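Note that subunit A is present in both complexes that follow, paired respectively with subunit B and with subunit C.
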Partner chain A sequence: MTWYAFSGALEQGFAYGLMVLGVYLTFRILDFPDLTVDGSLPLGAAVSAVAITKGIDPYISLLLALAAGFVAGMVTGILNTKFKILHLLASILTMIALYSINIRIMGRPNMTLLGKSTILDPFYARGMEASIAAPILFGGISLLAVGFLMWFLHTEVGLAILATGDNKQMITSQGVNTHNVIIFGVGLSNALVALSGAMICQNQGAADVNMGVGTIVAGLASVIIGETVVGDRSIKRAVIAALMGSIIYRLAIAFALGLKLGKFSFSPSDLNLVTALLVVAALTLPKVRQRLRI
Partner chain B sequence: MISMGDITKYFHRGSINEILALEGVSLDVKKGDFITIIGSNGAGKSTLLNCLAGCFPPDSGSISVDEKDVTAWPEHKRAGFIGRVFQNPLLGTCASLTIEQNLALAARRGKAHGIGLGVKGRDREHFREELQHVKLGLEDRLKDKVGLLSGGQRQALTMLMAVMVRPEVLLLDEHTAALDPKTANQILDLTEMIVSEQNLTTLMVTHNMQQALRMGNRLVMMHRAKIILDVEGEEKRNLTVEDLIARFYTVRGEEFSQDRMLLV
Partner chain C sequence: MKKLLVLAFVLVMAASCAVQPGQKSYTVSVNQIVEHPALDAVRNGFQDTLKEKGYDVKYNVHIAQGNISTANLIARQILGEKPDLVLAIATPTAQACAQVIKKIPILITAVTDPVGAGLVDSLEKPGGNISGMTDMSPVDRQVDLIREFIPGIKKLGIIYNSGESNSISILKVLKEVSSARGIIVEEATVTNSSGVTQAAKSLVGRVEAIYIPTDNTVVSVFEAITKVAAENDLPLFAADVDSVPRGAVAALAIDYYRMGRQTGEMAARVLGGADTATMPVETLKDLKLYLNLKSAADMGISVPDSVRKRADKIIE
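Coming up: the complex of A and B.
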């Protein structure tokens, strides 16, 4: 693997890391399989891109994306709790609706940020190269998010979220309204995913309505890989594992794309197959290990 | 203090599986009452407790607590004045959280949750004391996950959590039925200790007539969605298992003869 490919995988691992933290929050903590992310990732990108072209500061545009993602997640949460729609279906409905909304926001299916300012500009101004600046900035932001989640999940509200994902009857009889917890939790998750989308969009210089396809699968793959490699014994460890999983996943993809076996090499369209194989490997590895020990 | 007036509850109403679970049940609970509730399977004992806890709204009738009408209150809102222990020992605690985290949640029952630390340093000392008091041997395992505990330990912990914030009423739904006899007795002793110490108003559903006679100051027997016996004080103390069985068969016998009369 070349240095260029390595640094690219690292910056993607960090940028998508926020999305993986969001998926971890719904999938593992709230026990809520949330497909909204396939729509909220491009939502974050669209909001950020439109904001930047309207002359808003790129960093402020990240906050706008964050807020938009939160609202999208809340919609899924409300559909599930108040309208009693199955969580999976509720999230698919929001995801489908977001496709139209994202195009409305941008006014077209995709837009470029050519010549516009991005969150990386302050780094370029100091003469830093993109291959160094991006991993540093995205790494910093995702580490902040990791720190935030570690703290947040140990607060009173955080404990209520953990308990809601574990045992609804218990937390209800402790006086917590699980509906509010789910709406807030799915909102927070999608806020992280949209922030991730905004960062990816600014990094690649374009927002596309289809950039979210397969987000949930990549997210799940990363979460599972992280748990297998780093472990999930405590909340702190599991949060770090989610970010590490994202990096390992992107490195594995980069490695697979750079692989040449005689005349054969992977093309980007093989990514889905590679991802599926990775998840299968991550899921079966612990069982194989167990069997070998006996 | 608690008044359930003319409560009727159907399950699966209008379908072929329609069940009449409570039929015009009225129960007035006085402050400090410890009521044991017995009855055969499907008599409506658990439905009565769940109805009071707010798991579902009754089809008709009203529930008030301290003169306040709580019939429309959802379960989480009623939790502010109710402590509960379930039949299933796994239901009352969170397996993936530590003992101190579970206790911290219980310590905030019915209160708002903020962004302060969930388990604070000064809480730990308090939790340790509470655990020491109930002699579970858990006081030095605050950071252990609850999933590591046995069913009996989890039920005892649930018991402790239910009274962490003093409840207006404690609901025990066959809370020893899923435990082995020895553990069940320990939990019963713990129940008696906690209830008498804090002088809690308590409703306890049980299948065991001896338990029902041994504990509490008042006994309610249910059969086919109705209360068929409600005795307290001296009268309850003098009751025997034979009396209960005789009483039970009298009611069934009457129904039996009515059925016979229909056939004739």
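Coming up: the complex of A and C.
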């Protein structure tokens, strides 16, 4: 793996890391399988791209994306709690609706940001290379998000979210309105996902309505990889694990892209297969090591 | 004197390169969005042309398997490969490369609207490290072909994926071209390939013919439209020749292999030192016409002799 490929995997791992944190929040903590993310990732990208094109500061555009994602998540939460639609279906409905909404927001399916200002400009202005600036910035933002989640999950609201996912009956009897907790929790999760989408689109130079396809798959894979490799014994550890899982997942793809064994190199169409095998290896290695020690 | 010697040496080297390009070996990295007959044909045409011209080229071919985040990782990968030239096939991969790779020349190909995608300043003067070819469909000539089949056509249907920016560009042109000819365009949109049959059925009774643009989602399930069109005597026209054996009555289209060849010609110029900033974005002028007589019979339409005579290929 070259340095560029490595730093590219790091930056993607961090940028998608926020999305993984969002997926972790719903999937593991709230116990709410949420497919909204396939729509809220491009939603964040679309909002950010339109804002930047209209001359709004790229950093402010991140906040707008965050807010848009929060609203999208709330819609899923409301459909589930107030309209009594099964969580999976509620999130699918929001996801497919967001497809049309995203095209409405952009006015077209693909919006370019090439040549526009982005959150990375202050770094470039100091003469920093993209391969260094992007991992630093995205790493910084995702570490902030990790810190925020660690703090938040120990506040009263955070504990209510944890409890809602663990034992709905118990927390209801404590006088907490689980509906509001779910709406807020799914909102927060999608806010993180949309923020991730905004950073990704600024980094790749375009927002595309199809960029969200497969987000939930990558998110779930990353969460589980993180849990297996880093562990989930405490909330703090699990939050870090989610971010690490995202990085390991992107490193696996980067590794698969550059893989050449002697004269035999994999055909480009083997990419997904090789990525899957690498992830399997990453998941089983710790267990194999344990076995051998005994 | 020393400078003069150096200059002479450089000139000799340059001349020997021009005469025997085969002596130097080059690296070309390819970023392709997805494996697809048309896009693969572009790549093959590109590689064949450089090979025939005697270039010794090592290729790093990367295919993003339809995933935009992978296309971005590939762009970084390519940066590390330090190739002499980057070939980006299709719009999302071209954008991914353009964002990351600023110093290596990039040739884009099979991109419908390079200006709208933010890849070049203008088609005449790209202005940066990017030039290449567009595959904008010759929509006006395609509509004229449909009018040869159905002279008084008033309503034309189109099926496309509302999420494909290439299709949106084509739709815009189709509407302009059609209204100039007194034709109303009826749209049916899909968001994935499973919705295509339903979209085709929604056009039955509303239009006199269906036009399918070079839309990846719709073309991937072309047979589904063929079935609906044949059942309802609706003539079906395509914008790519590969769809003709799959059931279109006719297609007047870009030959993607030839497009790859022309991109290969551009690559030879870039490797020879030409500057992409002043190299206009090219289009493919000669088109191919394919006919399917069985489909014409199934869909209840007769093939005019004028069309039959100039067809490049007729499928019985």
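Following the convention adopted for this analysis, the second predicted complex is superposed on the first by the 260 of 294 C-alpha atoms of A that agree within 3 Å, B and C clash if a C-alpha of one lies under 4 Å from a C-alpha of the other, contacts with A are read in each partner's own complex, and residues count from 1 in each chain.
Everything below uses one rule, namely that contacts are C-beta pairs under 8 Å (C-beta built on N, C-alpha and C of every residue); 3 or more make two chains touch, one makes a residue touch a chain.
From a predicted model like this one, the values you see are computed outputs, not experimental measurements.
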Taking the superposition on A as described, I'd like to know which of subunit B and subunit C A:Gly214 touches: first, second, both or neither. second
Who does A:Arg250 touch here: subunit B (first), subunit C (second), both, or neither? second
Please work out whether A:Asp57 is in contact with subunit B alone, subunit C alone, both, or neither, and reply first, second, both or neither. neither
Kindly classify A:Leu271 by the partners it touches after superposition: subunit B alone (first), subunit C alone (second), both, or neither? second
If you stack the two complexes on chain A, which partner ends up touching A:Asp31: first (subunit B), second (subunit C), both, or neither? neither
Among the partners subunit B and subunit C, which is in contact with a greater number of residues of subunit A? C
I'd like to know which partner A:Thr172 touches here: subunit B for first, subunit C for second, both or neither. first
Over in the complex, which subunit A residues touch subunit B? Could you list them? 152, 154-160, 162-163, 166-167, 169-178
The answer for subunit C against subunit A in the complex is residues 32, 35, 61-63, 65-77, 79-81, 91-92, 95-96, 98-100, 116-119, 162-165, 168, 191
Name, in rising order, each residue of subunit B that touches subunit A in their complex. 53, 74-77, 79-80, 82, 84, 86, 90-97, 101, 104-106, 108-111, 113-119, 161
What residues on subunit A touch subunit C, complex-wise? 1-5, 7-9, 12, 16, 96, 99-100, 103, 108-110, 112-115, 130-131, 200, 203-206, 208-211, 213-214, 218, 250, 253-254, 257-258, 268-269, 271-272
